[in-house]
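Each of the next two complexes has subunit A plus one other chain: subunit B in the first, subunit C in the second.
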Partner chain A sequence: MLGGGRRIPGGGEGVAAVAELAGHLPGLPAESVARETLRFSAWGRCAEVAAPVLSGDQLTALAAHVRRSRERFLAGLRTQEIVDILDRAVRTLLDRSDPRRRRAEELLPAVTGYDPETVRLGLTACLKTFRGAQLSAFVAEDFANPQMLDGFQPLRKGGYGRAFGPALIAHVWAGNVPGLPLWSLVSGLLVKSANIGKLPSAEPLMAGWFAGAVADIEPRLADCIGIVWWKGGDEVRQQALLDQAGLVLAYGGNATLERIRARVPVATRFLPFGHKLGFGMIAAAALDADKAAGVARRAALDIVRYDQHGCYSPHVFYVERGGAASPRVFASYLGGELAALSHRFPRRALDAEEAAGLAAARQEAEIRSAVSDSVEIAGDAEGAWRVVFADDDPGLAPAGANRTVKVAALDRLDDALPEIARHAPWLQTVGVAAAPEELFRLSALLGEAGASRVCALGEMTAPEAGWHHDGRFNLLDLVRIVEIERGAEAAAEDFAAYCD
Partner chain B sequence: MDFRDRVILVTGASRGIGAAVARAFAAEGGRVAVNYLRNAEAAEAVAAECRALGGDGWPVRADVGDAEAVAAMFEGVEREFGAIHAVVNNAFLAYAFDPAARTPFWDLDWADYERQMEGSLRGCFNVCRAAIPAFAERAEGSIVNIATDLVERPSIPYHEYTTAKAAVVAFSRNLAVELGPRGIRVNCVAPGLVYPTEGSRNTSEAAMERIVADTPLRRIAAPEDVAGPVLFLASDWSRFMTGQTLYVDGGLVMR
Partner chain C sequence: MPGRDVSGTALSDQVLDFIGRDSSTESAFDAMALALFAHQFENNESFRRFCLKKGRSPRVVTSWREIPPVPISAFKTLTLSCVAPESAERVFMTSGTTGGARGRCYHPTLAVYDRSTIANFRERFMRGRDRIRMGILFPTEEEMPNSSLAHYLALAAGHFGAPDSEYLLNQKGLENDLLFRALDEAAATGEPYALLGATYSFVHAFDEMERAGKRYRLPPGSRVLDTGGFKGRSRDVATGEFYGRMETLLGVAPSECINMYGMTELSTQFYDDGNDRADAPKSGPHWIRTRIVNPLSGADVPDGEQGILVHCDLANYNSAVAIMTEDVGIACGGGFVLLGRAGDEEAQGCSVAVAEFLEAARG
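And then the complex of A and B:
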C-alpha cells in the first residue's frame, strides 16, 4: 500500500478541540508517555492525533508486558474463545452508534483524505471480514484441523502435531487505507501471539481503536496488544522492537522493506509485504450490449475505492476486441462511470508530490496521444479522473494512480501475458470478467505469470475473509509445528503407571 | 441566471434540498428567505452562507402547516426585503426513505395518509394562498413545488408519501390554470432519490445501486442537482412554462 493523508506540517491551520490519543500501551502509565501531535486536514475537517513516542526502555517494558499477558491469558485460550472475543469487539465497531465508530467516521476523512462516504462504507466492508464466522474461515483455510492451534492432534504420517505462534510478533504497518493493520493483527492474535504494531503516520488511529474495542470486551486479551508509533526512519526505536520479536511482518515499498530486513536479527523470521500492481482483464463475452456498461461500473468502483492506493487496486484494464462494445466504447463507459462516481465519492485532494506525479504521467500520455492515433485520453478538466486508451499496448505500469487508468485494447487477452509475466514480483490481484471456461483458462495463465488472486470486477479492493495474501498463508506462515513423533509416544507407553 | 434584487422564499431550507436551493439562488445574487421549523442554528448557518455567496439570506421561522404563521412569515419577508418574487415549496413532513423499513400498505392507517397530506399539501396550500396577493400586485410571480419522481414511477412504494406528492402535482396544475391569467406561474420539480439528506441517510447501498443501475446518468441525485431546474422555473428563462413537472433523476423517468 502507498499514499498518505494530508499532513499539515508543524502547527497552523484549523486546530481540533481535543487531540485523539493514538496507540494502545497496556502497562505503561499514561502520564509517563510522551506524545507528538500529528495534524491533518481535509473535507473542511481537522484532526489532531497525539501519537505516542516511547523511549527505548518503555518499548522494552511494553514488550515484556504483552509477553507476560500472553503467557498468563492468551496462551491458555482456545482458538474459538479468541474468535468469540474478536467477534464481539468487531461488532461494536460495526455499530454506527458506537462512540469509537463515530470517532472513526468523523476523523478518518481528515486523516486519510478519503471522502466521508468512502470511509464509512470502507470501514463496514473491512470490519465485516473479521466477524466470528469469517474468522473461523481464516482458521479453517490454513488448518485442516483447527484444533491444532489448541492441542496436539494426530498427524497423517503418524505422531502428533500442534501449532505454536511466536511469543511476540512485531508488525510494521504502512499506507493510509483504514483497517489494513487489522489483517495481520487479527492473524497474530488467532495464533495466540502477543503483538506490537507500529502505526503508519498516514493512518495512525484504526489499530488503536480496535485494541480499545477488544479491551472493552476482554481487557486481558487487549493486554497482549501494543500499538506504538515513531516517525518513519527512526532506526533506534525500530531496532528496539525488532530485537524483541520472534517474527516480523512488514508492509511498504521495497526500499523500506530492504532497510527493515537488514535490521531483523538473523534467527528471526521476516515476512515482507511489498507494493503490488493490480490490473483487470475483460473478455469479449463480457462486452455485449446489455452487460458492457455494468462491467464498466464495477471496474470504475475498483478504481475509485481508495483512489487506487490499495495493493489490490487496478491500474490497467486489458479489454478484448470482438465484443458488441469495442474496447474504445468500454473506455468511454468507464470514463462516464468515473465521472458519475466522482459526485458521490469525490477524489481526495492531492499533496504537491502526488499532483506533480499525476501531471507528469498526464503529460507523457498527451505526448504519446499527439504522435499516435492509437492513444486517446479522456478526463475531466479538474483531473479528478482520467482514462488513457491505447491500441495494442500491453504495457503494465501505474500511471499516477488517483483515478488514472489505462484501457489497453487487444485482439486476445493472452497477448498481454508476456508483459504481465515481466512484472511477476509485483503481481497479486487480477479482476476478471469472462465466461467460466475462460476464467479458469486465464487464471491458470495468470497464476503461472505470478498473480495470486483472481476476483470479480467490483471486488478487487475487498478480498474475501481467509484470502491468501500475496499467495501466502495468513496463519500458517506465523506458526511453527511442534511434533511428538510416533516413536516418542510408543516409548512413553513403557513408562505409564498402568503399564502391564 | 441573474436573481439580483429578486426575493425568493424557500420553505424547509435549513438542510438538504432546501438549503442547496437557497444557496444556489444566493450564488446568483438572490435575496433568500430561509424558512425553517425547528433548527434555528442550521437556518442561520444557511442564511450566512447565502450572504457569503454574494446574495442575501434571512432565516424565518414558521410552521407552513399553520396558515396564520405563514401569513406572518410573508409579512416578515416583505418587511425585510420589500417584495417577494418567487416561492419554493420544499418543506415536507419528516419521512424516512428506507426501503427495508418502509411500512407495507396493509399496515398503514388512513391517519398515515392524512398526516402526509397535511405535511405536503397543506403546507403548499398555505404558502400559495399567502403568495398570491404578493404576486398579484405586479401580475408576475413563480411558484415551484417540490414533488418526487416516485409519482410517475414508484420504484419503492412509499404509499402515503408519494400519494401526497401526487396530490401536490395535481394541485399545482389546477393552480397553474387558475393563476396563469394573473401572470403567476406554477410548476413542479420532481427529484429522484436525493442523497445525502436527513430523509435518505438510511437508504441502503444496495437500494441505491439498484436505482443507479436503471438511471442513464448512472448516479443518485445530490441536493445541488435539484437546484438548477428550480432556479430555471423560478426565473424568466421559463416565462412561457406553467403547469409542468421537471423530473430531476438522471433520466430514470422519461415523459
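And then the complex of A and C:
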C-alpha cells in the first residue's frame, strides 16, 4: 500500500528519488532514529518519504529537549525577536531558488496529488501570511498590548498582567493541504512555547522543512520544535506525547477528535479543530450582465484550489433570482470557468477507491436529475468537474468534493438560512458576493446561524493573517494570563528599601 | 423491434432457457441483453428517463456494453421494476447501512433468480457432489423475508443440504451451544460438512470459539462459504487472517474456503475457487458479464487497470439488466479481483466528507 499517497489508475512508474527525511528531531542522534518509508506517486512523479518512528523513550527525550531549549532561549526572547526570526525563515521558503522550496515544489505534487501549479501558488499564498508584518498582525489581533507577551503590563481593571504560553504544546495535524500545520506551529512559537507536532501521513513534509528553515536562521529556536510522525491510530505513541503537553491542538474528523479527547489528561487543555463545510452566497446585485462572469470565475477558483478539501472550501453556492443573469445562467458560467481552469490546474489524481467514492457521491444528484426537471447536471465527459443546478433546494451537504458543486437557485438568499443553521457545527467560511448593506445584513444572519468567517469570493481558501480560525483566537486561546493584583503591588510598597 | 417478443413472461422463459444452456457466445449474450434492455426501457418509466438523460435508447444501443448501467444507489430512490411493485412475488432490500434509505429489487416471480442461483451454486460450490450436511450462520428466510442472502442460503440448504442441515444462528445472534454441538457431531461423523454464512457471522463465531477454547478438525471434503466481506478493515490483512482462522479453528484449508460475491441488486452470484492465495479472482456463469470502468467517465478502463465493476446480469430481467456497483476491482483471468469499495477512502483534507456528514446527520 502507498502510505497515504495516491495510487493513480495507470499512473506511470517514475523513478523514485532518494527518500526525503521527514520530521525535525533536535537532540536525537540521527542514526538512532528508526524510519518508515512512505511512498507516493502522482503526475508521473514518485516520492519516497522516510518518516521517523520514535520509541516512547525517544519521544520523552525529545519533549525534554525542546522544553529545556525553550527555558534556555525562547522563554527569554521578546515577541518581536521571534517575529524577526520567523520572518527570515519564511522569506527563504518564499524564494523559489531555495533548496527546500525546490524540494517542496518537486515532491509535494506527488505526495498530495495536487497539480504542480496549485502547489506552487498555494505554497506562496500560505507562506506570505507568515511574513513579519503578517505575524505582527497575528499578535496585534489577539493582544491590544502585544507587550503582554514579554512582560507585565498594566491592566484596565488595575494591577498588571502577562501572557504565558504553556511549556509544551502538542499538535496533532491532519490532511493533505500543504502548509496547514504552520498555522498552529507559528502560533505556538509566538506565545513562546516549545512545540511537538505530529505530521499527517497525507503531507508529512512541510512542517519539517519549515523547522529546518528556522534552524538555518536561529538553531536555538529550532531546538524548541519537534516534528514527529506515527501511523494514524498508534495510541501508544500518541499517549506518550499527550502526557507531556500542557495544551493539545488537534485537527481531524469527529471520530479522530473524540479518540484524542478521550486520551488527553483531564487538566490539559484541548483545542479541537474539526472538519468544516463551506459555501457561497451570491446576491442578485452581483449578477449584473458585466459582473456575473467575474463572480463565476472567482467562485470557480475557490472550488479548484485544493479541490474543495480545505475547511474553508465551498460545496454549495446559493444564488438569488432577480439579477440580470439568472441562477441557471450563473451555473453555466461556473461550469465554463471550471472547464477552463481544469486545463491550467488539473484536478488532483484520484485512486480507484476515491474515484468510486466520488462517483457514488455524485450519483444521488444524477438520479434525481433523471426523474426531475428541477435538477440539471453539467460536467465534462471525464468527470473532471460537475455542477449540479437545483431549483429551490437549499440542502447543504458535501457532494464528493473534487470539483463537485451545487448551485441552488432561491428567491431570496435568506431562504437558505434555516437549512444553514441546522448544520451549525460544520460551519466556518462563507464566500459572499453582495452590495455592502446586504453583506452586513447577511453576515449578521450567517453569524447567528453559526458561521465564523465571511470573505470575498475568490478568497475562500486564503484566510487573512490573524484570522479567527473557527471563530477562535490563534494566540489568546493558547496562553494563560498571570496577574499581579493591585493589592499585591500596594502591599509590596511597604517592603521597598526606599520605603519611608 | 419487429419480431421481438417483449412480454415479461416470454422473456423470463427465454432467460430460463439461456441459463439452461452450457455456454454462451458474445452475440447470443448481446441478443438476450438487448431484448431485456428494450423490455425495461419500454416498461419502466424511471429507467427510460434515466437512459434518455444518458442519450441511450434501444435504437442506438447495439451491444450489452452500451446498455446504461444503473447505479446501485438508484435502487433506493427509483422504482426499478417492469411490473407494479405490489404484484411482485418478492422484494429484496439492501441493509440500508448508509444514508438511511434501503434499495429495493422487485422479483415478479422467483423462478429466474432461483434457477440462476441453484445452477451456479451447484457448479461452483458443490463441485459434483449432490448433497452435503450444512450449517447456516445466518437467520432463516422466514426471519428475514426481504434479505436476498437469507433466500440464497435457503435455496442452498433446500436443494443441496443433507437431511441434518440446520441454522446455527437466529435473529438474536449466534447460538453457541448449537454451533459447538453441530461442529462436534460433524467432526465425529467423518462425513464432509459445509458451513455457510455472512463473513461477519464467521468472525463472530471464531471469537466465540476462541473464548470457549474450542477447535475443530472437520472431516476431509468439508468446506466453507462466506459472503459480504469486511467493512472498514484493510482487505489485505483481513482476508489472510480470516482464512487462517478457518484453518486453525475449523481445520478447513483456505483452498476449500469459497467466497461468494453477490448483491441485492443482482440475481446472479460470483465465486472464487478457494482462498489459498490472496486476491482470489471471482467469476460468474455464462449469463452474467462484467465490465471494469472508470467510475467518473463510465468508459472501460484499459486492460490491467483498476476501476469499478459494472455487471450485466441477464437474470435481472425485471429490474435493470446492467448495474453500476461501488466496488473497485481489476480484471483477472476471465473474472476480476475485488480490491475495495467506495467509502473506504479517508478524508483528504479538513473539509467534511460525505460519510462523516451522513454519520453525524444520523446522530
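To be clear about the criterion, the second predicted complex is superposed on the first by the 486 of 500 C-alpha atoms of A that agree within 3 Å, B and C clash if a C-alpha of one lies under 4 Å from a C-alpha of the other, contacts with A are read in each partner's own complex, and residues count from 1 in each chain.
As a convention for this text, a contact is a pair of C-beta atoms (placed from the backbone, for glycine too) under 8 Å apart; a residue touches a chain by one contact, two chains touch by 3 or more.
Every value quoted in this text rests on a predicted model; they were computed, and no experiment measured them.
> Fit or clash for subunit B plus subunit C once both are placed on subunit A?
Result for subunit B and subunit C: fit.
> Specify the partner with more touching residues on subunit A, choosing between subunit B and subunit C.
Partner touching more subunit A residues in the overlay: C.
> Does the superposition put A:336 against subunit B (first), subunit C (second), both, or neither?
Touch status of A:336: first partner only.
> Which partner chains sit in contact with A:92 here, subunit B, subunit C, both or neither? Use first/second/both/neither.
Neither partner.
> Touching A:294, do we find subunit B (first), subunit C (second), both, or neither?
first
> Could you tell me if A:429 is touching subunit B, subunit C, both of them or neither one (first, second, both, neither)?
neither
> Looking at the overlay, does A:367 come into contact with subunit B only (first), subunit C only (second), both, or neither?
In the superposed model, A:367 contacts subunit C only, not subunit B.
> Touching A:193 in the superposition: subunit B (first), subunit C (second), both, neither?
In the superposed model, A:193 contacts neither subunit B nor subunit C.
> Nearest approach of subunit B to subunit C by C-alpha atoms in the superposition, in Å, rounded to an integer.
Across the overlay, subunit B reaches subunit C at a minimum of 17 Å between C-alpha atoms.
> What does subunit A use to touch subunit C in their complex?
Residue positions touching the partner: 1, 7, 9-10, 113, 174-177, 180, 202, 251-255, 273-278, 306, 308-311, 313, 315, 350-361, 363-364, 366-371, 381-384, 397-401, 425-426.
> Residue numbers of subunit C touching subunit A in their complex, please.
It comes out as residues 46, 49-50, 53, 71, 73-74, 77-78, 234, 236, 294-297, 301-302, 305-308, 324, 326-328, 339-345, 347-354, 356-357, 359-360.
> Flag every residue of subunit B that touches subunit A in the complex, lowest number first.
Subunit B residues touching subunit A: 195-196, 205, 212-213, 217-220, 222.
> Would you mind writing out the residues of subunit A in touch with subunit B in their complex?
Touching subunit B from subunit A are residues 117, 121, 293-294, 297, 336-337, 340-341, 343-344.
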